[in-house]
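Okay, so chain A shows up in both of these, paired with chain B first and chain C after.
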Partner chain A sequence: MAKRKPHVDVVMIGLGWTSSMMGMELTDEGLNVLALERGPDQDTVPDFAYPKMADELTYAVRYQLMQRPAKSTVTVRHGVRDMAVPYRSLGSFLPGNGVGGAGTHWNGHTWRPQPQELRLKSYVEENFGADIIPDEMTIQDFGVSYDELEPHFDFFEKVAGISGKAGNLNGETQQGGNPFEGWRSSEYPLPPMPRTLNDTMFRDVASAQGLHPFPMPAGNASEAYTNPYGMQLAPCNYCGFCERFGCLNYSKSSPQTCVLGALKRRDNFSYRTNCEVMKVELAEDGKTATGVTYIDENGDEVFQPADLVIMGAYSLHNVHLLLLSGIGKPYDPISGEGVVGKNYAYQMNGGATLYFKDKAFNPFIGAGANGEVLNDFGVEQIDFAKEGFIGGSYFNAAMTNGQPIRNMPLPGGAPQWGAEWKEAVQETYGHTMTIGSHGSNMAYRDCCLDLDPTYTDDHGRPLMRMTFNWKANDVRMTQFMKDKIDTLSQALEPDDYKLSFKDFESQYDVRPYQTTHNVGGAIMGSDPSTSVLNRYLQSWDVHNVFVMGASAFPQNIQYNPTGLVGGLTYWAAKAIREQYLKNPGPLVQA
Partner chain B sequence: MMHRIGFIALAGLGLMSTAGTALAAASADHSQDEVARGEYLSRAGDCVACHTAPGGKPFAGGLEIDSPFGTIVSTNITPDPEAGIGDYSRDEFAAALREGERADGANLYPAMPYTAYAKLSDDDIDALYAYFMQGVAPVDEAPAESDIGFPFDQRWGIGLWNWLFADTEAFEPREGQDAQITRGAYLVQGLGHCGSCHTPRGLFFQEKAQDDDDEAFLAGASLGGWWAPNLRGGGEGDAGLQGWRQEAIVEYLATGRNDHDAVVGEMTSVVANSTSHLTDDDLQAIAAYLKSLPREADGEEKQSDTTPAQTERVLTAADVEADAGARLYLDNCNACHFANGEGAAKVFPSLVGNELVNADDPTGLLHVILEGARLPSTPAKPEALAMPGFAWRLSDTEAAELATFVRGAWGNHGDAVSADQVAEVRETLPEDRETSAPDFEP
Partner chain C sequence: MSAKLENASRRRFIKGSLMTIPAVTVGSAVSLTADAEEPPPSLADYEPVYFDAEEWQFLLAACDRLIPADGEGPGALETNVPIFIDRQMEGKFGHAADWYMKGPFPEGVSPLFGYQSPLTPREVYRKGIAATRRHCQNDLEGDFRKLDGEAQDRVLMQLEQGEIAFDDVSASQFFAFLLQNTKEGYFADPIHGGNKHMATWKFIGFPGARGSYREWVDQHDKAYPLGPVSLTGERG
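And now, the complex of A and B:
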């Protein structure tokens, strides 16, 4: 028999970026808000304190801040006829654990999507015709426009204290920024980060080729900053321990540095850690949620009644919980019926490693979002009909770290072990830079999430099953990028370079790290027969459940997802505050 | 419908029930405005800081205060008639505040800053009385008695001390003084009781001055080894508050941080419980008053062997082989305080010319190095920015080398620190302090 806790107005599942921001918005309304976080509590000091955080082995190799697969994982298979097996060793993607979630261990690349990406299907149909969309590709529009989201992107960037340079202020092109970006109502809150050698080399070569490089929009503070909540960031010191680490210096935008200190002061906010939500409970008619059941830190089952449920867990867990709770119709990739689990997508990336005998890059002077980038080959720039694919990428020449275990790029032909390997490392350490392409990933009929029929988690619940593989359209996209990056690499005149891009032989491999941008599965849209959530991130089926996060993306954008996740969260919060609380019920009639 | 309205209604009910209980105990009915004004004044007086035990109920007393005479335990000042001050008349309450006299006629220990509260106006006493009778929830728990050894347990002796040192004159505005400065003087000398820590004490532990008639007033004092800085910000020079604009003082009091410095030690709770709750007008008044107090030159100009540019050069070039302290700075401190020692505005305090760093007694600095420090979360700046402690990582010798370097770098002029001094401070660190030592399984 579950223990029953006193009623709260709002229960939020997870306490990362989205719940932190939603917590501010809903406590502003006077609501009594509770967050349930599966992992431990953590804060800059003592948990991310200098110097213990500067430990590559513990945090970057042994994943101290990540969820343990023994506690929580997915099974993975390439196709609907394959048997899925558990993702037992972290590799391809790294869901974060504890308060702050993945928002503590990210690099800080903070992008808005292009306006075209939010209405991708319509954009393709209008400009190139519906018939260029392959049969198996299931791309959709988000159901919300860039113009609607702009104020919320703007506010999120101010909350997160993003360093960057605008390229389009209210429609006017700005020198030094991204000339292709959607309009912004204001400049970035902080100037771009100081440049490193790789940045300037890439900028010079790209400019000479007529391209338009600009500094990466960074969730790493270039200067001391105070955000609209009064929360503060310190100038990034380029310590080189960013991704996979909590920031030791109050410099990386995170729930801890940007929101939680302000939220925790509010008497109508509380949170409980080591509390894992098992299920969202529904009323008898299945039309509203009554609260959530969770396992508390003592292992006891607890029912937490609430009027409003905000799902703010990692994208994969949001989908898993929807499936376990029976909210929305599960997606069936064979029939194409159902919605929950539909359109799981990832990110198509590639890159070049360039070796320069006579250049010292000092990679240990690095920051997560340090980098010079360009957007000349973005989704909105490419003639899909001519090039034969749908999608796009941004390029980045980044210098994030010089950590000794994982960051030892060697020139082609260098031995992999022994005295000669050592010699090669001594010769090349600090002499390489990279150019990456970070690209979109379309949605496909058979790329999806559902409950695994075989494997269960430590609570006996079915694990979620991921069915995913690379598709020809996206490989053509990345091969196009390979050609462009090859040209740029040669122009930089390295002594040696190598390219690493997916090809038509590539199968999705969960072992090497690729990106923690798992999107879709609880997608937003305009039609309840093809989406889980309406345009306000509200469940079509259970109106007092709102689902935050990148699980709402109908396919993946070419950018890192956090900027869009932030904008969507404030957009949903506005709808809850201004519409839902006054008149609880579906905000869009099906 | 959501329970939004329910939530607000409930909160209202809560307030009413508290007020209802308190009403029964109070003899007179005071207006809500008067109670609210009293609450504000109690913030200005920081009553909660001493009269609340760690984790205890507000104003129920029980905080142990170490004094040279023994342990003084703060009293219950809630309106409970038995355990607290519920039976106090308005005049008995006034006598306790201004004269340190308990309702039963016994003298209070001068840990209670009645020598400062003597300046309080009748109006403010009335409001405080209204608040403590009606706005505070009664707590029926009597804290332990103070543990004071002979002869200081003889409370009649305090009468003699009072006769010698306590001045029960109410605050008198100076003729022709600017209204803002007058308000600031009233707050600083009276409720703020800033002199309790910042005015040097004489042979009998009396504050050398109760107001600005004497230049010893707020001239800085050492408190258990911590330097409570000179607060006099006027006159020629740029020492201490002289180099701070009025706005910087306001910011410091409101948030515990400004472009120059960040609060540490005892002042942290003062900012958290008192000054961060004051209105901007009152903080401006306090700052204006402090800026009006001329600061005497600190006698002999202290010389430094370094300049800011010189130290920055050495650290930037990592030219630290010859100086273990400089190497330790690079390895432990440079990440936040940077090679120029200036930290970052409002986030990491500057070490250059910093009063704590340069204090004659390095105890405060060593405390911060070993134990770390955490800013209070305040309404305007909610982030409790923290420096991790390094006690787990630095030996006494290393901490001494580091402190010696910091006290001599960038034009600083503090004397060298010995390993023995570090060991003494290390002895005093609380056992249950937060640590940021690596805690994972190897």
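And now, the complex of A and C:
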């Protein structure tokens, strides 16, 4: 028999970016808000303090801040007729663990989508015709427009203290920024990060080719900054321990540095750690949630009643909890019916590694998001009908996290061990830079999430099963990018370089790290027969459940997701504050 | 003294006795200013915790081939890489403590799906070392340790390529763990047992745990001038 805790107005599942921000918004309304975090508590001091964070093995290789597969993982298969096997040890993606979630250990690459990415299906149909969309591709519109989200992107960037240069201020093109971005109502709150050698080399070559390079929008503070919540960021000191680490310097935008210090001071906010939510409980009619059941730090089952449930866990966990809770109809890839688990998507990336015998890049000197980028081959810049694919990428020359266990790119043909390996290490370390392409990934009928029939977690619940593989459309996209990056690489005149891009033989490989941008599965949209959430991130089926995060993306954008996740969170918060609380019920009639 | 000469003599020395490795031979032309409170153990005096005596000797010999003392820069033995690996066996990695280790474990799964064995890494080492030693005894009529360097390399390459099949463990998985952990021990902070006196970091020019470079960001194409520091405050 579960213990029962006193009622709260709002229970939030997870305490990363989205719950932190939603916590500020809903405590502003005077609501009593509780967050339940599966992992441990953690903060800059003592958990990320110098020097212990400067330990590549513990944090970057053994994943100290990440989800433990022993506690929670997924199973993976390539196709709907295959048997899935567990993702037993981390590789391809790294969901976070503990307070701050993945917002603790990210690099800070912070983007808005291009406006047309939010209405991708309509954009493709209007401009190129519906017949260029392959039969198995299931792309959709988000159901919310860039113009509607703009104030919320803007506020998120101010909360997170993003360093960058605007390229489009209220429709006016700005020198030095991204000329292809959607309009901004204001400049970035902080100027761009200082430039490293690779930045300037890439910038000069790209400019000479008529392209439009600009500094990466960075969730790393370029200067001292105080955000709208009164939280203070310190200038990044380029310590080199960013992705996979907590920031030791109060410089990386994170829930801890940007929100939680302010939120924890509020009497109407509380949080409990080491509390793992098992499911959202529903009233008998199945139309409203009554609260959540969780396992507390002593292993006891607890029922937490609440009027409003905010699902703010990592995207994959949000979908898993919806499936376990029976909220929304599970998606069936064979019939195409149902919605929960539909349109799981990832990110199509590639890159070049360039070796310069006589250049000293000092790769250990780096912020998470320093880098020079360009967007000339973005979704809105490409003629899909002519090129034969739907999608786009941005390119980045980033110098980050140059520690030697992981950052040891050797020339092609170098042996993996022995005296010649050691010689290659000495010749190469510090003499390479990279150019990456970071691209969209479309949604497909058979790329989806459901409950695994075989494998279970510690609590006996079915693991979630991921069915995913690379598709020809996205391979054509990345091969297009490969040609462009090959040209840029040659123009840089390296002594040696190698290209690494997916091709038509490529199958999804869970071993090498690719990106922690797992999206979809609880997608937003305008039609309850094709989406889990309405345009306000509210469940179509259970109106007092709102689901944050990139699980809402109907397909993946070409950018890192956090900027869009932040904007969507504040958009949903506004709808809850201004509409839902006055009259709880569906915000959009089905 | 030329690096070659120094390395040749160092190599003979290590192969011969595995006695104390003097710190002065570590690195090239860099003076050591170590001031860690507790000096790292010498490999010869170290009592392995996980590995038994025979396994330990195999590990020393294998590490010496994976990152030999030949040429410039330190080898795996003088940087205490085997000590690092022994300690990893006793930690979360060796026990696969963070990994999902529940069955079933179907056979014949594509390598694209990652680790799919019921064995923990420490079990893979134990079975892998035993099977490799048996292979050497049966097919090469000798102990792995006693083979010459070229013959040892051939065995390691056969493991790497999966050209030797063992009954109870994947040869290539065993080799993959061995190589991965050897490199980790070589490059990781000395706090984990390897990279003795940060010799590897000095060799490649990595400043370790300094973690503060703001004034160096726009000094382009100049090698960073300071040596490394470690998590315990050792300075090199």
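By definition in this document, the second predicted complex is superposed on the first by the 590 of 590 C-alpha atoms of A that agree within 3 Å, B and C clash if a C-alpha of one lies under 4 Å from a C-alpha of the other, contacts with A are read in each partner's own complex, and residues count from 1 in each chain.
The criterion applied here is as follows: contacts are C-beta pairs under 8 Å (C-beta built on N, C-alpha and C of every residue); 3 or more make two chains touch, one makes a residue touch a chain.
What you see is a predicted model, and the numbers here were worked out from it, not measured in a lab.
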item: Superposed model, chain A: greater residue contact from chain B or chain C; value: C
item: Contacts of A:Q347 with chain B and chain C, given as first, second, both or neither; value: neither
item: Which superposed partner A:D55 touches (first chain B, second chain C, both, neither); value: both
item: Which superposed partner A:G230 touches (first chain B, second chain C, both, neither); value: first
item: Which of chain B and chain C A:T18 touches, first, second, both or neither; value: neither
item: Those residues of chain A which chain B touches in one complex and chain C touches in the other; value: 50-52, 55, 235, 237, 239, 248
item: Residues of chain A that touch chain B when the two form their complex; value: 7, 9, 29-32, 44-47, 49-52, 55, 58, 64, 223-224, 226, 229-235, 237, 239, 248-250, 257, 261-262, 264-265, 268, 307-308, 581, 584
item: Sites on chain A touched by chain C in the complex; value: 50-57, 61-63, 68-70, 73, 76, 78, 83, 85-89, 91, 194-197, 200, 235-241, 248, 359-360, 362, 364-365, 370, 403-405, 408, 416-419, 421-423, 425-426, 429-430, 454-456, 507-511
item: Complex contact set, residues of chain C against chain A; value: 65-68, 70-73, 75, 92-93, 96-102, 104, 106, 109-116, 153, 156, 160, 179, 182-184, 187-189, 191-192, 200-201, 203-214, 216-218, 220-224, 231, 233
item: Touching residues on chain B, where the partner in the complex is chain A; value: 1-4, 7-8, 331-332, 335-336, 338, 344-348, 372, 374, 377, 379-388, 393, 434-438, 440
